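Pasting in a structure now, in structure tokens, and then I'll have a few things to ask.
In order of appearance the chains are A, B, C and D, and numbering begins at 1 in each one.
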Amino acid sequence: MNNLSFESQKTMDFIALGRLAIDLNANEINKPMEETMTFTKYLGGSPANIAVGMSKLGMKTGFIGRVADDQMGRFIASYLDKTGIDSSNVVIDKSGSKTGLAFTEIKSPTDCSILMYRDNVADLKLEPKDIKEEYIKGAKALLISGTALSKSPSREATFVALDYARKHNLVIFFDIDYRPYTWVSEEETAVYYNLAAEKCDVIIGTREEFDMMEALTNPGNSDDYVTANKWFDYNAKIVVIKHGKDGSIAYNKEGETFKGTIFPAKVVKTFGAGDSYASAFIYGLMQGWDIDKAMEFGSASASIVISSHSCSDAMPTAEQIKLYIEKSR
Amino acid sequence: MNNLSFESQKTMDFIALGRLAIDLNANEINKPMEETMTFTKYLGGSPANIAVGMSKLGMKTGFIGRVADDQMGRFIASYLDKTGIDSSNVVIDKSGSKTGLAFTEIKSPTDCSILMYRDNVADLKLEPKDIKEEYIKGAKALLISGTALSKSPSREATFVALDYARKHNLVIFFDIDYRPYTWVSEEETAVYYNLAAEKCDVIIGTREEFDMMEALTNPGNSDDYVTANKWFDYNAKIVVIKHGKDGSIAYNKEGETFKGTIFPAKVVKTFGAGDSYASAFIYGLMQGWDIDKAMEFGSASASIVISSHSCSDAMPTAEQIKLYIEKSR
Amino acid sequence: MNNLSFESQKTMDFIALGRLAIDLNANEINKPMEETMTFTKYLGGSPANIAVGMSKLGMKTGFIGRVADDQMGRFIASYLDKTGIDSSNVVIDKSGSKTGLAFTEIKSPTDCSILMYRDNVADLKLEPKDIKEEYIKGAKALLISGTALSKSPSREATFVALDYARKHNLVIFFDIDYRPYTWVSEEETAVYYNLAAEKCDVIIGTREEFDMMEALTNPGNSDDYVTANKWFDYNAKIVVIKHGKDGSIAYNKEGETFKGTIFPAKVVKTFGAGDSYASAFIYGLMQGWDIDKAMEFGSASASIVISSHSCSDAMPTAEQIKLYIEKSR
Amino acid sequence: MNNLSFESQKTMDFIALGRLAIDLNANEINKPMEETMTFTKYLGGSPANIAVGMSKLGMKTGFIGRVADDQMGRFIASYLDKTGIDSSNVVIDKSGSKTGLAFTEIKSPTDCSILMYRDNVADLKLEPKDIKEEYIKGAKALLISGTALSKSPSREATFVALDYARKHNLVIFFDIDYRPYTWVSEEETAVYYNLAAEKCDVIIGTREEFDMMEALTNPGNSDDYVTANKWFDYNAKIVVIKHGKDGSIAYNKEGETFKGTIFPAKVVKTFGAGDSYASAFIYGLMQGWDIDKAMEFGSASASIVISSHSCSDAMPTAEQIKLYIEKSR
């Protein structure tokens, strides 16, 4: 059992909002991208990956976002459909925007980087009018990704979604997902991350992401407990702070602390760890599991994904995660 | 007595944040501006006028803002000094910005308009780093003007100021002051006005301004009581809704309602009515007066200013307002 | 007699293209603008002043430009009409642009400066489609002002006008009129000034302006003869290089050199000297006068204008200039 | 023999200026890109392809351009080096720009399209100061690509290069290469294409491209002879107008007309036809061949490239082209 309460009469389990993008993964790995000659195309973007994860875990999942009016955008919409994700609230952007691209470079399992194409991207063209109150009202939970806050009008659209979600008692998950590009300054980032976090029930981020949020109001703090507690004065019920390979720590409003499990993994690349963790963790919480059990489920899912070549395509089913946990014991 | 509590041990009474501009008032009035040949220069900008009003009323007043690095900017800084307003937190903007201009046209007492020069204005260049926590900490009250929210980085700077003000128990006044230019859309405006209003103790605006704020979340509402009540769920203690020449209505968190007094006036122009009202009303509240007495003081001040040619220069002293009220009885 | 040939059968003498703006001249002179309290409004902008000068000298004059859709724009259109300048090709810009402003500061006769408002100005919104081939075809001469080249779409509109003017045998005057603001870099400026100058018959500028044009292709040159000669390889027939109070020097394609006369003047301010010089000089050339006689006429006109408070309003008639010259002998 | 004269004492044969980009060619052809899962990376960009063609034909070739400071930029620089193209004047852009991308879609041999990523591209960041007079001075010929004119500062850099090239007697080739994206309007395009064409010796474009250039000054003209003749009044010596599969027609200043040969080809895709034509045609002219022989060489080269999967990689050697022509007889 946990301290979140989902409105069980609703038919849609989970809506993710934000980035829908394309990953172009180097086929020839363990070398610099300069020498890579071919790439394979996947759905990408943190909230997109999480939505795929949730759908694979059997949750009725929807998405709010914008895609470009081109072949990449059509690929994304069709991929969502095939994965069973409701794309009725995915808008085709007609402004001449482009789908965001992420060329991944895997020099070694621990030396991975991304070459981003994020100029004039479709996902940041999301407008307040794209946010339908009825759609949000019909769901149990909403996930927003921090990148959706990085630019107008997507920034304002996200705040509108938060408003509707609070009004209709959705449980709101905030995946900080801080990517410096597209943000103008750290101060700007901190301001909007804080305004959004005030309205969320569950906040998930790395220690570095929380540091950035505290840069103006509590500079120099590195005490996870202090960080988490601030948000319990607003609407938060659970705060998860991730410490990379040292694992995660979760706090709840009731004052309890939970340490995450770490699973061994044959790492191919580090991409996708956070997204697979988030989807399985949220899935666990939506099953009413204890926080530590949900964290274990998240960790196991992350271990599975980092052992494979893609992010979205590799998202496991609940069965696969359970098996993985059993085998690891 | 009212429901606000000011920290009396602090030395600075009041800080205004936002627009510092120039009014160029047509000397030849009651004709279209096309035929106006000479203009007189005054300090302008809603929070600037309110600060002048507060200083004339004897309050120790400071300002947070940016001015252009030119003759207009130097005039403003020097005018603040002469009026006894602390300008230590008024930053000279070196980015090549310009001081905002407002050419006023007075065709008749009831047909007034403004020709605004607001491209690349200095006041909207205010940055988060311009906001000094110590300066805000030392004051009893902060006024923010809605126009400061209209563009980055001034928008983020305003939210930083709100954060510091809440942290240090200032009473926060929010003068909605909605001016469509510089805003991209009504949705954008509504989002930021709402985010700011959530953090304020006293919210002052016209019925039209509150309508704009409710455009997304409560469209079609025209019930002042409903409007006001929303904000008492956040931090508000008093909400004032202005109905033009039909007077104002104020609500407090305790559920009381107050109707404003209306004074007769020989109207020269309508400019400056809101700013003179705000300064005298806030002054009254800071004296610990009942809300209706503060509203009467505000109305009297407004009547004095609309009978004269300028806004800032015409701001009355407490003595002048008292005299005016007595004479009007 | 000079080396220019005007098509005498045409009815319109002269068309100026470019900036239409407002001068706001400080009424209290010989002090810094910070202390100036009132301003008087005049038509301004270099090609506007030249057009006024030409019209006062009795030439049938037209204008191609854009004005803002506001009181300032309407004042300009009405001023042109009153001065007898054809404004049928002055377009009202509906994009929300503003009329350029120039606040003049006269600290002393030799210490004058201008505070410019040039963000989002109407005159630089001139579009290629605003340029009517028939209108240009009907005129004997076209003047373009360098500032019109400083930004798109006015830049392209100017090149279209140059094309039509060459096609229909107008004599093209190029007033370099270099103002650093609105230009991105010196390199950008040099490129477009050179491309335009290649197409002009008479080029008029200061030594500093020609230096800027040679920054890329002949850096360090200060030899007026070399400077002038370059343009005779293109379409130029006369090049005038101004050396401030040391007077001007003119070269013609035939290899002759002409030194300008200098008249004594009771200087009030230096603004407007160039524009009044240009209009009277061009007037002289259009009368078929020798180059040196036209230069003398220009110098006399400049002396008259710098002795008065305004630029456009002070433009003299031919009678006044002749009288001035006679009195000065 | 032809009417161009190359300065034989110079060591560099040919410099191309402009776009250096990446082609991402769908591996699974004859289907829409939505269904394409893998892509192969090639050097792309019209002047880049032409430079590769020239180098393969044995000409000492250099390049002036900018590449992004990332893996794509490093791939391009290294590809130029491997192909024997001098990259000493290829600047690494540090502004955060991206390498342009072209995803090619081959639905059928006659239904090919390109999905372009051209926001914030490195090649259009070329600056006037990147153009080294000495480098240009040392070459026999310069090719500029119209796309380099589409935006500042690349536009101004191109005009600076044209200036130096004329000054030092290079033969200037202008490949119109009109791509509507990145241009603001047809009028803007026409203005700069005309200003550039005035300074070029050989102008190569499709009938549609010449129509666009005549949109303002000679609308409705479709007479190739009239089109070509205009440019002989400036600096042009040869004008080539391409009519797609109907072949090309060339005019020279001496009044002669030349019809191009058409070779049969097993078309895989149409991309690269123009670039391979241009390189082999220019090669022929630089050998001093008659214009019609050079045109035949160009056509043969185009036929070879459209029968293969890539553009740059497929550029043929002189030997291959000669063999191809012989076999086709």
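Heads up, the rule we're going with is that a residue touches a chain if its C-beta (ideal position, glycine included) is under 8 Å from a C-beta of that chain, and two chains touch if they have at least 3 such contacts.
What you are looking at is a predicted structure, and each value in this text was computed from that prediction instead of being measured.
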Chains in contact with subunit A and also with subunit B, listed by label, are none
Between subunit B and subunit C, the Cα-mean centres are separated in Å by 44
Cα centre of subunit A to Cα centre of subunit C, whole Å, reads 60
Among line, ring, star, complete and other, the chain contact graph is ring
The chain pairs that touch are A-B, A-D, B-C, C-D
Listed in rising order, subunit B residues that touch subunit C in their complex are 24, 27, 32-34, 36-41, 70-72, 74-75, 78, 98, 101, 103, 105, 115, 117, 119-120
Note: in the complex, subunit C contacts subunit D through residues 127-129, 152-153, 156, 159-160, 163, 167, 184-185, 187-188, 191-192, 194-195, 216-217
